[in-house]
Amino acid sequence: MKNQLEISGVKEECGVFGIYDIDGKDVAPSVYYGLCSLQHRGQESCGIVVSDTKGPRGNISYHKDLGLVGEVFKEENLSRLHGDLGIGHVRYSTTGASTRENAQPLVLNYIKGTLALAHNGNLVNAEQLKEELVYGGAIFHTTTDSEMIAYFIARERVHTASVEEAVLRTARKIKGAYGLVIMSPRKLVAVRDPFGLKPLCLGKRDNAYVVASESCALSAVGAELIRDIEPGEMITVTAEGIRSNKELQQKERAHCIFEYIYFARLDSRMDGVKVYDARIRAGRALAKAYPAKADMVTGVPESGLTAARGYAMEAGLPFEAAFYKNSYIGRTFIKPTQQERESSVRLKLNVLESVVKDKRIVLVDDSIVRGTTMANLIQMLKGAGAKEVHVRISAPPFLYPCYYGTDVPSNDQLIASSHTEEEIRQMIGADSLGYMKIEDLQTMVGDMGICKACFDNRYPIDPGK
Amino acid sequence: MKNQLEISGVKEECGVFGIYDIDGKDVAPSVYYGLCSLQHRGQESCGIVVSDTKGPRGNISYHKDLGLVGEVFKEENLSRLHGDLGIGHVRYSTTGASTRENAQPLVLNYIKGTLALAHNGNLVNAEQLKEELVYGGAIFHTTTDSEMIAYFIARERVHTASVEEAVLRTARKIKGAYGLVIMSPRKLVAVRDPFGLKPLCLGKRDNAYVVASESCALSAVGAELIRDIEPGEMITVTAEGIRSNKELQQKERAHCIFEYIYFARLDSRMDGVKVYDARIRAGRALAKAYPAKADMVTGVPESGLTAARGYAMEAGLPFEAAFYKNSYIGRTFIKPTQQERESSVRLKLNVLESVVKDKRIVLVDDSIVRGTTMANLIQMLKGAGAKEVHVRISAPPFLYPCYYGTDVPSNDQLIASSHTEEEIRQMIGADSLGYMKIEDLQTMVGDMGICKACFDNRYPIDPGK
Amino acid sequence: MKNQLEISGVKEECGVFGIYDIDGKDVAPSVYYGLCSLQHRGQESCGIVVSDTKGPRGNISYHKDLGLVGEVFKEENLSRLHGDLGIGHVRYSTTGASTRENAQPLVLNYIKGTLALAHNGNLVNAEQLKEELVYGGAIFHTTTDSEMIAYFIARERVHTASVEEAVLRTARKIKGAYGLVIMSPRKLVAVRDPFGLKPLCLGKRDNAYVVASESCALSAVGAELIRDIEPGEMITVTAEGIRSNKELQQKERAHCIFEYIYFARLDSRMDGVKVYDARIRAGRALAKAYPAKADMVTGVPESGLTAARGYAMEAGLPFEAAFYKNSYIGRTFIKPTQQERESSVRLKLNVLESVVKDKRIVLVDDSIVRGTTMANLIQMLKGAGAKEVHVRISAPPFLYPCYYGTDVPSNDQLIASSHTEEEIRQMIGADSLGYMKIEDLQTMVGDMGICKACFDNRYPIDPGK
Amino acid sequence: MKNQLEISGVKEECGVFGIYDIDGKDVAPSVYYGLCSLQHRGQESCGIVVSDTKGPRGNISYHKDLGLVGEVFKEENLSRLHGDLGIGHVRYSTTGASTRENAQPLVLNYIKGTLALAHNGNLVNAEQLKEELVYGGAIFHTTTDSEMIAYFIARERVHTASVEEAVLRTARKIKGAYGLVIMSPRKLVAVRDPFGLKPLCLGKRDNAYVVASESCALSAVGAELIRDIEPGEMITVTAEGIRSNKELQQKERAHCIFEYIYFARLDSRMDGVKVYDARIRAGRALAKAYPAKADMVTGVPESGLTAARGYAMEAGLPFEAAFYKNSYIGRTFIKPTQQERESSVRLKLNVLESVVKDKRIVLVDDSIVRGTTMANLIQMLKGAGAKEVHVRISAPPFLYPCYYGTDVPSNDQLIASSHTEEEIRQMIGADSLGYMKIEDLQTMVGDMGICKACFDNRYPIDPGK
C-alpha cells in the first residue's frame, strides 16, 4: 500500500529570499536582485510573490516560470508586482523534464486567504506525511515536499490563532532539512530546521527585514547581515517589527558541510564561518596531508580555485590561473557529438601555455565524478608543456546518498565508488592523487556541528531507508 | 467570515473531451482534433492528459498552456503524449489576466495515485463547499470550482471502493451545472448534472469510446454519436467496456437554451435537437412574430446567418450574404483608437454593394449588446444603398445573470436593460426592430425542458443570491 | 553561361499599399489596416516602411518579418513607425523555406538616400535583366524580381532629374506584370504594368492619397475609391498633390482573369467590375451551360460560395450552406497522418445534415486540383443523406503555367491535365461534372481585355520559354 | 552633395572564422564552435554560411540573426547546414537598435553565383567608395562597410579570371583595417589589411584549413595554429590545397595594441605574441613605473586580472582574488534605477572580506571610463576593511578616436579627457593612481610595429578627418 505514493526524485536544493519593508516601499526589485545573487543555488525555475500589506486583503501578485532569473523576469512583468512584502525562490535543475508546476514559491488559497511558501530542503518523513494527508482526502498539484508543508500549515491554521502557531505545529511534524520562508498577506515567517542542515540568515536595510539562504543575497540588496537564523528558530516580521521563537531548538547541530565545500557562494558567511576561509583551510589541509614537489598550484575554474589558493599558501608555492574559461558557453550550448573533433572541455576551458610550460603542477578540484573531465584537463596541461600534474581533491569521495536535499552524485556516476585511488590516478593520467581526509572536514569549519553523512554514512536524522 | 473566501469571476464556459481506446492505440491526436472542434467553446487555454493504461501505475503525461489548441500543441509536444486513455479541455477567455494556473485538465496526486479532471460548468454552492473544505485544512492552487470538485472526489475516495463511487458521492454534494470528464490511470468517467444544464454526449469508433461536450467533436474524430449522456447519468469506461449509472437522475430537466441560440456549433446535435434546426426555427418564429416588407434577408456573420435563413424561408424572401468577413482579423489584431479613421467593424466586415443596393433588408442577429456594432452595420448597409433595414434578433433580451457558467453579457453592458425597444431602434438607426418572444424559445427546441433564466429570471437551481 | 543566373521560383503574388497624408498625420496604422485587408493576397511575410516627410532627410523607419500582419505587427513595433508617408506589402507563401530576406518592402540606400519598394507581379525578362546587371557588377541580397527593379531605378536615377523619371525609364526596360509602389523620403510613386495584368487602384481620404492592390483596402481605411490606376499609368503623390503620367500606355489590355475567379476579395472592385458580380455571372454561365435536376445548390466554403449563388439564381433553385467551416483550423494545425482516423477535410468542414438529407445537390467550387478533397466532400454529403451530387466548377481547367506571378497549380498537381472529365467524375464520385467553358470567362467581366493564358495558352507578353 | 551619403556609426569590431575540409566533412559544427570561441569579439549578431562544394553549383545554406551564438543556433537549424566549406561571423553590439539586416556573413548573388563575406574592421575611405558606387547606380541593403567591399569584388569579378583576382583588386581600392573571409561556392579566401591592423590567423586540422580572427578559435576546433596570415597576405583554399599571395604587402606594420590590452582572448597568440604574456608585461611595466607600498595586488575581474598578476610578480607582492563575480548577471539583467538601493556593481562583484581586511591593496584595471565603477569598487574594498587602495591602469588614457573599427570610449564618456590624474584620483577615492606610460605599450609586445593612435594621435592610415 505504501509504495503507491510516489515521492519525486526532484532534489530540493534551492535558494529562498524574503523581505518586508515596514516603510511600505515596493520590494519586488530587491527580491529580484536577491534571487540573482542566489542563482547558483538553482537554475531550473524561479518565482517572486509580493503582497501589498497596506492594500485590501489578499492583494497578492506573483510570477514564476522555468528559466534563470534574468530570463523569467523582464521590466514588464517585474513592474507589475507591487507590494512591500515579498518572497522569492530559485530551484535547482536535476532533470530536463518540464516541471513548471513545481516552480516555487507555492501560492495557495486556504482558510485565511492566501499563503505563499518557498522551501529549500528535503523531508525524510515525506512518505508518512503524504500518506497521512491523502488518507484525509488531500490532493496534490506538485510532486514537492513543499506542498506537504503547506498542507500541514493550512490544516493547523484551522485550529490556531496565528500563522506562526500553525507553522510551529507543522515544524514539529516534519523531519528533515529546511530553510522555509512563508508569507501571508501581512506577515513574513522564516523557519530553519532544528539541526541547521540548511542555511538561513537575517539582515536589515533601513526599516526592512530580509531573510535569505545566504548572506551574499543580503549584500546584493544593500542589507547588513544581522545574524544567522538559529537552527530551530522561527522569525516573524510584521508591521510591528520582528519576533523570534526558539521553541523548536535542540542542542545537536548538523550544518551541511557540502555548502562550504562547493554549494554556497564564495562571498557568503554561514553560521559564523566565511565560505572563502573554509575553502582556504580545505586547501591548506590538503597540502599538509598530500604535499607535492611542484612549481605551482592551480585550480579547476571555478570549483577548485579557492582550495588551490589555500594549498599554495600552505605549500609556499605560487598560485597561478592556468586556464582561460569561456563564459559564453551556457546552458543552451550544443555539445559536440562523438563524431566531432571538438571537445566540450576544451571549448569551456583552454590552457594558458605561458603559465604551465615546463612546470610541475598541483591541480586542485573539489571532486572527481566520472574522471573524464579531469583526464581531459591533465591531457591539456601536459599538451601545453606541463611536466607533472598532481591532482588534489578538496573533499573526500562521496560514498553515501544525501537524504536532506543536496544533489550529491549517485554511486553509479562516481568513479570513486568502484575504483581504488591508484586506479583512478592511472585512469586520469595524474602523477599523484590525494583526496581530503574525512577528519579534515571538521578543520574547514572549526568546532561547528556538521553533517558529513555523504562521506561517513552517519545521518543526523534517520532517513528511514 | 464568509466573504474572505473569494470565488473567482472566471466563467466556466468550456469544452471537454475524453476517449478510451480499448484496443490500446494512442489517443492524443484524437484528443487534439476533438479539442480543435470544440475550440469555439473556449479560446483562453487548453490541455491534454493521457494515460498508458497498459503501462506501470501512474504513467500519465500531459501538456497545457494559455492559447489556442493550434498554438499550444505542436508536433513535438503532442508526440510525447503516449497513452490509450486521454482527456482534454478548452477554456473560455473572459479576462485578459494570466491564468495559466487555471488551465485544465487539472492533474492531481491523491490517495489512489493520479486523477485528471476536465470540467464545463459552474457550481452555485461553491462558497459553502469551499468553506467546508478550508475548515478541513484544504489548500487551493487555482480559483476554479473544478478544484473543489476534485477535492471532494479525493476525500470520498478514501472511504469508497472505486473512483465512480467517489464521483457519485461528490455529485450529490455539488449543486450547479457540470459536464465532467474524469480520468484515473485506467478509467474514464463522465458525468452530467441532473438538470442537463451542460451538454455531454457519447460516441464510439471501433473499440474506442468517446465523450465530448458536443457531437461535432465526435464527427471530427470519426466516431459515431451513440446518444447524449443523460442528465444525472454517469458513464464509466474501463478495459472491460462501458457502464452506466443513473442514480443521480431526476425528472425535471433544464437544458441551457443559450447553447442552441449561440454557443453550440451549428453542426452539433444536443439532446435530440440539431442546433441548425433550432436556429432555423428561431428565424421562422421571428418571421411570424415580426414580418417585414422587404426584398431580402441577411444575417450578421456568423452569429445571425442561420436564423436569417429561417426567417427567409418563413417569409418567402431571398436570403443573401450581404457582408464579406475578413477571417484574418484575429485575437492579436490591434484595434483602431478613437483618433484613427478606420473602424473595427469595417475592418472585419464589409458590405457587398451589389447585394444590398436599393434593397429593403431584414438583418438578423442573435443579440444586441451595446448597440454600437449594429448601428455601424446599418450605417454601412445604407451607405451601400440599402433603402430600409429591419433588424430582427433571434433571442429575447438578456435581463438576468447566469449562475451556471454561461457568459451572458452583464446588465451594465446591455443596451436592452436601460432602454425601450423603440429607443434602441432609434439609437441603432433601424427602420424596425423585433426581438424574439420568450415563448418562442420553447418553439426552437420542441418539448424539451429548458433553462431560460437569463430571459425570465426563473432559475431551475436556486443560485442562493 | 546563361543558366548560371538563377531566377527564384518564388511567386510574386502579393498585395501592395501606399499612403501619403499631406496633412502630416501618422500613416502607419492605416498601412497596417490596409495590409490586414490585403492579407488574402499573401500570408508568408509582410512589412511596413514609413517616412516622416517633414523631418530631416532620410528619416525612414520600417519593420518586416515572416508571418501574418497580426503576428508581425504589435503595438510596440507599430507605434515606433512615425511618418506621414508609408508603403506596405504582403507576400504569398508558396514554399515552406525561410525567406526572411525576401520580405518586402525592400529598403535600400542609393544615390539619393533611401528608396523603398513594394512589388506585386512577375517579370518575364528577369533573366536578361539580371544578366545585364551582374555584368555591370551588381550584387543581389534577395532572389526576387523586385530587387532588379530597384536596381534599375537606382541606375537611372544617377542620370535623371527625379525618381519618377527613373521609374519611367525602368518601366520601359522591364517586361511583365507589376503593381509597384515606390517611396522616396518625400514622394509616393505607383505604377501599373501596361497590360494591366496586375491590379492597382487609387483612393482618397480627406487630404491623404491612397494606392492599393484592391479597393477593399481603401474601404478598410475609410478612403473613397477614386478610380483604378490605368494600365501603363504612373501616379506620383508629393506635398504639392497628385500627378499622373501615361507615357507607358498602350491600347491592348490583359487583366488577369484569375483575380476575378479566385484571388481578389469578394468586396473589391477592379477595372470597373465588382468581383462579386463577376462570380455571380460565372455561376449563372455554369448553370446555363450545365443545368442539373437538383433540389438545391451549395458551394465549397469559401471559394465556391458566390458562384454557387449565381448558379442558384440562374437555375431558380434554393442556395443553401451545406457545410460548417471550423475557422480555428489555421496554418499551424497538425494534419492527421495516414495512420490516424481523423480526416483533414472533415476537421475543417462538416456537413449540416438537416440541409442535405434526401436532397439532389449541385456543388460548386472554383477548381479541382488533386480531386481528393472534392471526393471527400461528396462522400460526406452522401454520408449525410444527399441523393445526388452534381459538381460544377466555376473556371475551366488550368492547363498552362502563369509567367506573370500568379500561383496556378502546376500540371503534375492537376488531375485535369491527365484525365478526361468523365474519368474525373468517376474518381470523385460525382453524379455529373461540368467545368466552365473558356468562352464564358469573358462573360464574367464584360468586354474588358483579359489574360486567360493559363486556360488557353495565349500569352499577352511573350514569356520567352 | 557629399553628406547625403551616410556612413553608419555601427562599429565593425567583430570576429571572423572560415574552414574548408578538403576531405568533405560537414563543417557547420566547427564554425559554430569557432564562433563560440570568438564570442567575446561580438555579441550583437552572428551567422554561419556553408557550401557543399561537391554538390551542384550554388548549393549554399545559411542562418543568421541577432543574439549570441548559443541563442541563434540550435540543433534544428545547425543540423540543416550541410557543406564542407563554411564561414562565420560574430558582430559587436554598440547600439540597441535592431540591425538584423546588418548581420553577417553577407550572402549575395553576383555574376558568378553566390558570394559570402565576413568582415572585421573599418574602412577610412568608405565615403569616397560609397560615392563612387552610388554614382554607378549601386543600391545598399545594409549600412556596413562590408557591403561596399562585396560590391567592389562583384564589379571586379566581371573583368577578372578568378575571385582572388577580384579580391586583390578590391583590396587595392579600400583603405583601412580588415580581416576578411570570403567564400565562393568552392573557394575560401582570407585577406588581411597591409598594416595588419586587424588580426587573422591560419590553422590546420587533418585535411582541413581554418582561418580565424584569433588562435583561440583554432584550439576550440582542434586545429593547430600554422601561423598568422601576414599583413597584406591573401590565402586561398580550394580542393587542390592552399595558396598564398603577398602582392599587397608593404614594409610598415601597425598591429592594433588594443587587442593585447583588452580585446583579444587571454589564451590567443597574435603575430607571435601571446596575449597573456603581453598583459603580464603590462603589469610588470606598471609596477616598475608606479610602485606602491602594499600588502597585495588584485585586479578587476576579468579585465584587470592578468596585468595585476604581472604587477604582483614584478613587485614581489602576493596576487589575490579580492572579488567574487556573479556570472549569472547577463545581458538581459534589469539594472537598478536610481531609486533602488541595490548597486549594479555590487550585484556583479562582491568583495571577499577575508582577503582584503586590513590590507594595503594595489587594484589593477585596463581603463577608467567614467570613474563611477572604480569609485564603487574602492568604496567596497574600504568598506570590507582595506586600509589603502592604490589604483594602477594597464594602459594610457584613451584620448583620440579609433577610425579602424575598434570601439574605444569617446571623449565625452572619458573622465581622463577633462580631468587631471590627481582630480581623477580624488574622484574615485584612491590613495594613489598610475596610468601606464605610452612608451611602455611597446614593451608589452616587443619590437612589433603597433598602432597606438588612440593614445598618441599618430594614425598609420590617414583617416581623412
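All chains are identified by letter, namely A, B, C and D, in their written order; residue positions are counted from 1 within each chain.
Keep this in mind: a contact is a pair of C-beta atoms (placed from the backbone, for glycine too) under 8 Å apart; a residue touches a chain by one contact, two chains touch by 3 or more.
Small disclaimer: the values here were computed from a predicted structure and weren't measured.
**Q** Is the contact between copies chain A and chain B built from the same residues on both sides or from different ones, judged by whether over half of the numbers are shared?
**A** The interface of chain A with chain B is built from mostly shared positions.
**Q** Comparing centres built from CA atoms, which chain ends up most distant from chain C?
**A** Ranked by distance of C-alpha centres from chain C, the top chain is A.
**Q** Measuring centre to centre with CA averages, how many angstrom lie between chain B and chain C?
**A** Measuring from centre to centre gives 37 Å for this pair.
**Q** Whole-Å distance, chain B centre to chain D centre, using C-alpha means?
**A** Roughly 60 Å separates the two chain centres.
**Q** Take the average of all CA coordinates in chain A, do the same for chain B, and state the distance between these two points in whole angstrom.
**A** 48
**Q** At which residue positions does chain C touch at least two other chains?
**A** Answer for chain C, listing residues that touch two or more other chains: there are none.
**Q** Sort the chain contact graph into one of these: line, ring, star, complete or other.
**A** ring
**Q** Show me, using the given definition of touch, all chain pairs that touch one another.
**A** Result for touching pairs of chains: A-B, A-D, B-C, C-D.
**Q** So in the complex, the part of chain D that touches chain A is made up of which residues?
**A** Per the touch definition, chain D meets chain A at residues 29-30, 32-33, 36-37, 39-40, 68-71, 73-75, 78, 205, 216, 219-222, 265-267, 274, 276-277, 280, 305, 309, 319-321, 324, 326-330, 332-334, 336-337, 340-343, 346-347, 350-355.
**Q** Any idea which chain C residues touch chain D in the complex?
**A** 4, 6, 57-58, 106-113, 115, 134-141, 143, 147, 150-151, 154-158
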